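To keep things simple, chains are lettered A, B and C as they appear, and every chain counts its residues starting from 1.
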Amino acid sequence: MSTENPYLKMEGLTKTFGKVIANNNVNLQVNKGEVHALLGENGAGKSTLMNMLSGIYTPDSGSIFIGGNNVKFSSPKDAIDAGIGMIHQHFKLVDVFTAKENIILGQKQGGFFTNNKKMGQGIRELSQKYQLDIDPDKKVYDMSVGEKQTLEIFKVLYRGANILILDEPTAVLTPQETTKLFKIIKRMTEQDCAVIFISHKMSEVMEIADRITVLRKGQTIATLDKDKTNPKELTDLMVGKSVDLSIKRIETPKEEIALEVKNLSVLNEEKVQVLKGLNFNIRSGEILGVAGIAGSGQKELCESIAGLYPVHEGEIIFKGENLVGKKPAEIIAKGVTMSFVPEDRLGMGLVASMNIVDNLILKQYQAQKGFLINRKPAIAKAKEIVKRFDIQTPGIYHPIRDLSGGNIQKVLLGRELDSNPELLITAYPVRGLDINTCHKIYDLLNEEKKKGVAILFIAEDLDVLIELCDRIMVIWDGRVSGILDAEKATREEIGLLMVGEKSDKTEGAYAI
Amino acid sequence: MLYRIEKRSDISKEKSIGIRALAILLALITSGAFIFLLKLNPIDVYLSMLDGAFGSPYRIRETIITAIPLLITSLGLAIAFKMQFWNIGGEGQILMGAFFASFIALNYPDIPKPILLTLMMIAGILGGGLWALIPAFFKAQWGTNETIVTLMLNYIALKWITFLQYGPWRDPDALGFPKVPNFSPNAILPKVFGVHIGWIIALILVVLVYIFMKHSKKGYEIAVLGESENTARYAGINIKKTILVSIFLSGSIAGLAGMIQASAVSKTLAVSVSGGMGFTAIITTWLAALNPIFILVSSILFAALIRSGSFIQTAFGIPSAAASIIQAMILFFFLGSHFFIKYRITRKTSAKIAQGGE
Amino acid sequence: MKRVSKVLMVLFLAMAVFLTGCSGDSGQEGAQDVKAGFIYVGPTGDGGWSYAHEMARQYVVEQLGIETLYKESVEEGPDVENVMKDMIDQGANIIFATSFGYMDYMEKMSLEYPEVKFMHCSGYKMTENMGNYFGRIYEPRYLSGMVAGLKTESNVIGYVAAFDIPEVVRGINAFALGVQAVNPDAVVKVRWTNTWYDPAREYEAARALLDEGADVIAQHQDTAGPQQAAQERGVWSIGYHSDMSEAAPDAYMTAPVWNFGPYYVEQIQKVIDGTWAPESYWGSMEDGIVALAPLTENAPEGAQAVIDEAQAKIKSGELKVFAGPIKDQEGNVRVAEGELMTDDELLSFDWFVQGVEGKINK
């Protein structure tokens, strides 16, 4: 690995949007054959920087050099031609096409008709070179998330990319798939590709990166060799001050069962069973973590409890009362609050075009009497929440659409916690948040726990689940594949349960 | 491609006003060229357009009379549009409102004026509201596409009125000419300051709709539902009920416009009571970004455009189609300017990789 | 007929003198001060009814050099009130509204604006400052019926008609009587369109009649749609309002046509002179307000002679179109031998003569 061979050099890049400086004089050097991690909190300017590199934005000033040549991109196509390939968090694949069809989609060569034989040969050669396991004739909708990601990587490699940008690639993967991805990344660097790796997960950065560049508030703070640094130093650089990285699991007295779910089954619109007889319970003052691959039934579980999803069979007993068949408004009134942060952060629970005040009203106005809405209490609350959660906004009357993702989420959580719930269901509350805020939210959950609230916590980061929760329920394919004592659980064990492989340890041991 | 379209991140007020002003200037130049082709002096025509819409108390009154149904219907549409319910059935709702009101007016011509007019208003509100309830019910129950249903219901309402006009309600005293008998004097709205009191009703509605949209629970629910059905369900909003209530309101306001037109303008039931206002109101509603106060402004401006188009037709003896073209050009440029306020077109620098010195 | 209108005219002249005597100050208005407004139901380019009035308006401008206003495509609904108000606002002091459906609105306006003169075409209402005028188009229509009767081989003649109002019914009856005068076996089939001006609908109605076996198409409509339908089928047609030979050169034979120009000039001149008074004028072929357009080479051989003879008789008063005996569709004698229908009867015609296939909604 040659250390002084800057294959990609970005010098003094600046990009402003209106009055906001997204990138201010940013410098970055990436060498051939290295994995370069990009660390930074939300809004630090990672996305802007990468969007300039992939031709989506044009920089206001500064220059990009590839192999010593000054390049100017005015469209993504220019960037692709220069050998830059971006793998987005959301895959850009056509579901009904095969792998091969997706690969050749949008390719210039071949003209209107494609030369099947030649393509097939090209794909074989490439898959041998990088040891990428691809079935060219498999349709995308038949693929697992890991396979789709491999296909995305393959696609950009096929287009001749030798600088790959991976934007939070592990967010959607199981630990096993992550391991596989890291192998692919290593293989690519062996073939002299450069990889830029964007992630929030410190453990992964420490595992895969060769060098790490930290961005903060649109500026480059430092570029460090992995071997000469540690997670604590990196986090401090990211945040700009010293941060306590540990998550406390507080002990609370075991109280009575607050929520008991018995044999819960639901059908989706196509009448396919998506929850297949779930059984579990949560005590007051307990955090039950839920782990599982995306789409294993998390959303349906949350919505069933909140009364938003029709229950096919089973019971949801809350404080001795069956919630099945109750209207959402009645369930809210009983002290059940549900916040689900979807991928776009806005799909449910918030209204993008409305301001903070009107978003706070969402859960309160029905309790008000009369025809008109009294906004005064909500205005006071909005000011309080903005202060307490340190929400960055031009004002409480500003549409939340214009806030950054993290701040939008704070509004949502602020509202839900504010309603003094007895059962708090929260799914992906830290999705895409920076480390500082994440810890703030973990602290808030602990505070609620202390108050005796029963918490159902659905999350992606297994390390966090293990550290924060009392028990961890793993779901797979609409079933509970195991409920583990968080203190004794390991990542590997959870990972296996997430793909439906029962480990010996769970057998019977934690059955309810 | 040498140019590309970029979304503007934000735009200063001065710039947005500038773009609009430029749009209007371009509209005037383009239609000016067109007017020139008609062998007329564009400046004369423009001046007389202004003159025709606002040039005398009579003309101002006429512009206001034209604005009333536009304004009222727009207010109704704004409620539906806020919920992202694409009610393009304003035309039909106006007609059905007029039909219900006419039923009262023709059957009870002799009851005292205040009572008769009140009954007619209630009937008009019911007529438009119930007619709008049909697509709302279909949408709430089976998720049908309201755009198509409301549009088609326009034609049914239109043909229904035509049927009445040629058939059961035909005026026996009109020597066979197909028209509905004129209302009795009791069924005709009184005038205040030379304009029928529809203008007062319209102004009251502006305030009521403003309060409803901004400060009422239902108005809030409509806004939430319009943005995201998921969020509405999540907040425990009764979605079906909200759709039915708000669309009933939307239609009933249009129905009231129908009653006013039938009573004060046509003084009978005729196909022409709607006069295309149900469609034109879509434009004024959007131009005003669904804000009741802005709707007031856009309706008056649009009414002025209609009136001035009609004025130059007689004043210069130009064909009605040519007057419509001038109106359409002005509108086209103005609406087009919205695109440039939201987006900008930037010139692409050529996509070559410049050779740097090694 | 002529006598009736002359009597009426004398009556109104007397009334006018009386009225002007009362109002006193309504003295002469110079030609500069007179502005005439014209309201058309269709576009001036319709080649039919509105076109005929537009030609007359241009004739007025040519003859008198006064200012005129006009508005085309004005619906027969309440909107016409606004059009009249606008014209008055723009200085019009005599307004010609040229469609039946404008009548009630014009009556209302005439009461609201006593200083303005109103002239309504084809209606029957009058006020102190509103008169009506029309032409006995049934006379040339009778002649056109003769041409159709001579031409038809299938003995089915199609008639595309606008509304079932007396004016149109009268025309159909006159046409049918003309047909029967030369061809007693032929029938006239009627289709209503319920529109004065709708090229597509009129075209479709004509096609339907052609499908029923008609080989000559006549019309009481304002567009040449029916003419084109006849031409497409390679059969024959009778136009209306104005010479329609351009629209269907291979089908068009002749048409009852209007010539309003001289009448308009006369009326406006009276306004200028200060002698105008409302009247109910129903001009005849002899007056020249209506005529039969020249026969084209599509017309049957020998038709010219037949028409010339009948026309001369109509003009001289020897031939009356609605002279008994006339039977209705059921065969009942409605007008006995030797009797004549009165103008009142003509103005409220609501039954078809024998030989017409069609229905009137009563």
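One rule holds for everything that comes next: a residue touches a chain if its C-beta (ideal position, glycine included) is under 8 Å from a C-beta of that chain, and two chains touch if they have at least 3 such contacts.
These figures come from a predicted structure and were not determined experimentally.
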{"item": "Shortest walk length in steps over touching chains, subunit A through to subunit C", "value": "2"}
{"item": "Identifier of the chain whose CA centre is least distant from the whole-structure CA centre", "value": "B"}
{"item": "Farthest-lying chain, centroid of Cα atoms versus that of subunit C", "value": "A"}
{"item": "B-C or A-B, whichever has more C-beta pairs in contact", "value": "A-B"}
{"item": "Chain centre separation in whole Å, for subunit C relative to subunit A (CA means)", "value": "80"}
{"item": "Approximate Å spacing (C-alpha centroids) for the pair subunit B, subunit C", "value": "39"}
{"item": "Centre-to-centre distance between subunit B and subunit A (centres being mean Cα positions), rounded to whole Å", "value": "45"}
{"item": "Residues of subunit C whose C-beta touches two or more other chains", "value": "none"}
{"item": "Residues of subunit B defined as touching subunit A within the complex", "value": "4, 9-10, 211, 215-218, 220, 223-224, 227-228, 230-231, 233-236, 238, 348-356, 358"}
{"item": "Subunit C residues within the subunit B interface of the complex", "value": "37, 43-45, 68-73, 75, 77-79, 82-83, 85-87, 89-90, 100-101, 103-104, 124, 163-166, 169, 194, 348, 350, 360-362"}
{"item": "List of subunit B residues in touch with subunit C within their complex", "value": "56, 58-59, 62, 166-167, 170, 174-179, 182, 265-268, 270-273, 275, 310-311, 313-315, 317, 319-321"}
{"item": "Footprint of subunit B on subunit A - complex, ascending", "value": "17-18, 65-66, 68-75, 77-78, 81-82, 306-308, 327-332, 338, 346-354, 358, 361-363, 365-366, 368, 371-373"}
